[in-house]
Amino acid sequence: MNAKNLIAKRIALELKDGYLVNLGIGIPTLVANYTPEGVNIFFESENGIIGMGPVPQDGMENPDLVNASAKYVTAMPGSSCFDSTISFGLIRGGHLDVTVLGGLQVDEKGRLANWMIPGKMIPGMGGAMDLVTGAKRVIVSMTHTAKGKPKIVKKCTLPITSIRRIDLLVTEMAVIEPTENGLVLKEIAPGVTIDEVLKNTEAHLIIPENVPTMKVE
Amino acid sequence: MQVLKPTEVIEMIPNGSTLMVGGFLGVGTPDCLMDEIIDQKKKDLTVVCNDSAFPDRGIGKLIVAKLVKKLIASHIGTNPETQQQMIKKELEVELVPQGTLAERIRAAGVGLGGILTPTGVGTSVENGKQVIELDGKKYLLELPIHSDFALIKAKRADYLGNLSYSLTARNFNPIMAMAADVVIAEVEEIVPVGAITPDEVHTPNVLVDYVIVDGRH
Amino acid sequence: MNAKNLIAKRIALELKDGYLVNLGIGIPTLVANYTPEGVNIFFESENGIIGMGPVPQDGMENPDLVNASAKYVTAMPGSSCFDSTISFGLIRGGHLDVTVLGGLQVDEKGRLANWMIPGKMIPGMGGAMDLVTGAKRVIVSMTHTAKGKPKIVKKCTLPITSIRRIDLLVTEMAVIEPTENGLVLKEIAPGVTIDEVLKNTEAHLIIPENVPTMKVE
Amino acid sequence: MQVLKPTEVIEMIPNGSTLMVGGFLGVGTPDCLMDEIIDQKKKDLTVVCNDSAFPDRGIGKLIVAKLVKKLIASHIGTNPETQQQMIKKELEVELVPQGTLAERIRAAGVGLGGILTPTGVGTSVENGKQVIELDGKKYLLELPIHSDFALIKAKRADYLGNLSYSLTARNFNPIMAMAADVVIAEVEEIVPVGAITPDEVHTPNVLVDYVIVDGRH
């Protein structure tokens, strides 16, 4: 299994029946492919839909029905559409059970930076600041390092997305839970050692006595 | 409400106007009106839109044609031209979190003086804004955004100007229809009064000043 | 013509084609009976409808379709329904062209009191404070006196509804326009003298050289 | 979402709870739920509702049965019992302008810390509130209203719990569906999934916890 699918598969285990879930661009999108059987998830997208389904078959695209990346999607039976104030009312109002987002950096306080690299890339925050501030549970998916450099750092050097502490961080090497006391190493990926995780992490990690392997076959 | 041709309605817009434009990455943007603005070379526009879409789509075309002086948006990452003009200082960009952008437009439309949002607290979005603390929680005071014109896209209008939107093409359109001095709706189809039932009307006719029909449908 | 119908008929002359109008309980309701021919008015009600029509014929009542007094009404072709935030968004956001309300007192500053008599009658303000604050034009209809006592006073002794100066006051004796300089007597009712108006008014009235008679036949 | 009988759903409400109840003078109020609250003699309730309706209708019945400790409403004039209990200090009443009441409920539902409204400035509604001046104009800072339960009324629910409302029975129901920990919807009719199309859904299913069917229809 490649890194991206491993992360997506692990995050999918966090989704429970009846959840309202927002998946960001990139790795998060893959999570939908791994939702456990019998678990009914309502996927929401910032542009104003609950009940988003997979890509339509060729010729069935509706130009008015897209996800937050402007890619054609389908609508599941029982879906609903609404304007941007309701869309973000659901997000900021605490009605969204889980948001899964990509990240550029996560620091020891569990703060996420994911919306700009000053002087280099200024895409804008889009819906990210509202999602991180408002969702009941914020899960970040990212590669553990970028060009060999740690992305889990002592303090974010990039502009943060929210002061809110994220709830879970999943990389291809580890599952980390930011807590009041710091970042706790909860699981390691199959074939990865704790030492390897530490070597690739700038932030201090709290290592419990027992660190199980991610339950992804 | 009056039905006009795109040429006639865009002729009413002076250079230097502030325009709200509906749409999310171009979906739900009034395309005929965009093309007509380019044909008439309207200049020095301030544009309020969720994003700058793509170079060949939505308000992205206005950016490429260098008609925009200032852009208020949540995301510019899909249109490289926007960032380039921004760096060259040819274009001023105000980045606003998407949920905040929606609420600021709504606030103007419904006569509120502002709203308090937790989104952006402790981030660069806080700069220059009043922070109000209530029960130990901090909020940013965000101010209304009003415009001279709203250029919106609906699926259907009835003879009186009642509008209904389609799926994710709804997005910012209904709130922009309340927040501008003059509201211009581009629609795909005109239907008899009553075809949009009272419970299905998304934007009441009294808000709509001009309707233009997109002849491509 | 009795006093109530005279007032209603005079106010009806203020309504113009295409206006969005809210009529309060009591005399204001009668205004709908006198709208000039060929003038198309959209009547709105706080409980969430534009395009309210007259009382339905016996047996055609719909329990879900009422006005702000919970009386059965009809819906005109092209009517639309919406929730309370949109209803008051239209009112407070300046989309309502005219509101016609009853009054207990109006004072020299043009301030209206119409929602409570302390210790005696506390119905609550309902939508009155929003209507007076937000409508483009506020017209008050009331009898000139109550039990022989003037209702047009130097300063409201009852709790005011808004600090906003109302735009027009119509009684069975006179039409009065509150201005920056004070209350101006604009018209007198047929058969009424200026002296009689002054005798029944506590507030100072500015009397122009020419005070025409109300144009109601 | 779960379908229950009125008895079962009301049994879940502890004495002393805060309830939001939809409706405008009883229109759009869940009547079966009201009757069941009376049957089960739920006590010391705080009720948030537009008005206290009539003694034999809507939440008016709860007032008459002396089950309400505190009422937050915009209007109590149609139910004399409310004012009597208020004068006898058996019932605490907080009067809120109707548009402000709607925005305060909405603010709780969409995660805003408050809103600034011009309504009530300079009147008795201002007492005890923070006044914020922006560009020379004064606004009241009004705070969110949240509740333990929302008891709402819709016309139809589909098998998943998507709701649609009918005409002026919509009023406060959709915003209350966002502002409570537990949302209970009384509906007249259950329809197949898809019968309420994505563009027609007024309240998305994820907001609804319990549906009860009014057996009288």
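Per-chain residue numbering starts at 1, and chain names A, B, C and D are given in the order in which the chains are listed.
Criterion: a contact is a pair of C-beta atoms (placed from the backbone, for glycine too) under 8 Å apart; a residue touches a chain by one contact, two chains touch by 3 or more.
Being a predicted model, the structure only gives us computed values, none of them experimental.
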Neighbour overlap between chain A and chain B returns D
Have a look at B-C versus C-D and report the one with more C-beta pairs in contact. C-D
Taking each chain's centre as its mean C-alpha position, how far apart are chain B and chain D in Å? 32
If you average the Cα atoms of chain C and of chain D to get two centres, how far apart are those centres in Å? 29
Chain centres from averaged Cα atoms put chain B and chain C apart, in whole Å, by 35
Need the CA-centroid distance for the pair chain A / chain C, whole Å please. 55
Shared interface positions of chain A, touching two or more other chains: 49, 75, 81-82, 85, 88-89, 91-92, 134
Multi-chain touching residues of chain B, meaning two or more other chains, are 103, 106, 110-112, 117-118, 165-167, 170, 198-199, 202
Chain pairs that touch, all of them, please. A-B, A-D, B-C, B-D, C-D
Can you list the chain B residues touching chain C in their complex? 106, 108-112, 158-160, 162, 178, 193-194, 198-199, 201, 204-207
Chain C contact footprint on chain D (complex, rising order): 24-28, 50-51, 73-78, 83, 86, 95, 97-103, 106, 117-125, 155, 165-175, 202
Which of the residues in chain D come into contact with chain B in the complex? 103, 107, 110-118, 132, 134, 137, 139, 141, 143, 164-167, 170, 198-200, 202
Which chain C residues qualify as touching chain B in the complex? 18, 20, 42, 49-51, 75, 77-82, 85-86, 88-95, 134
Using the touch definition from the top, list the residues of chain A that touch chain B in their complex. 45-49, 62-66, 68-70, 75, 81-85, 87-89, 91-92, 121-130, 133-134, 159-163
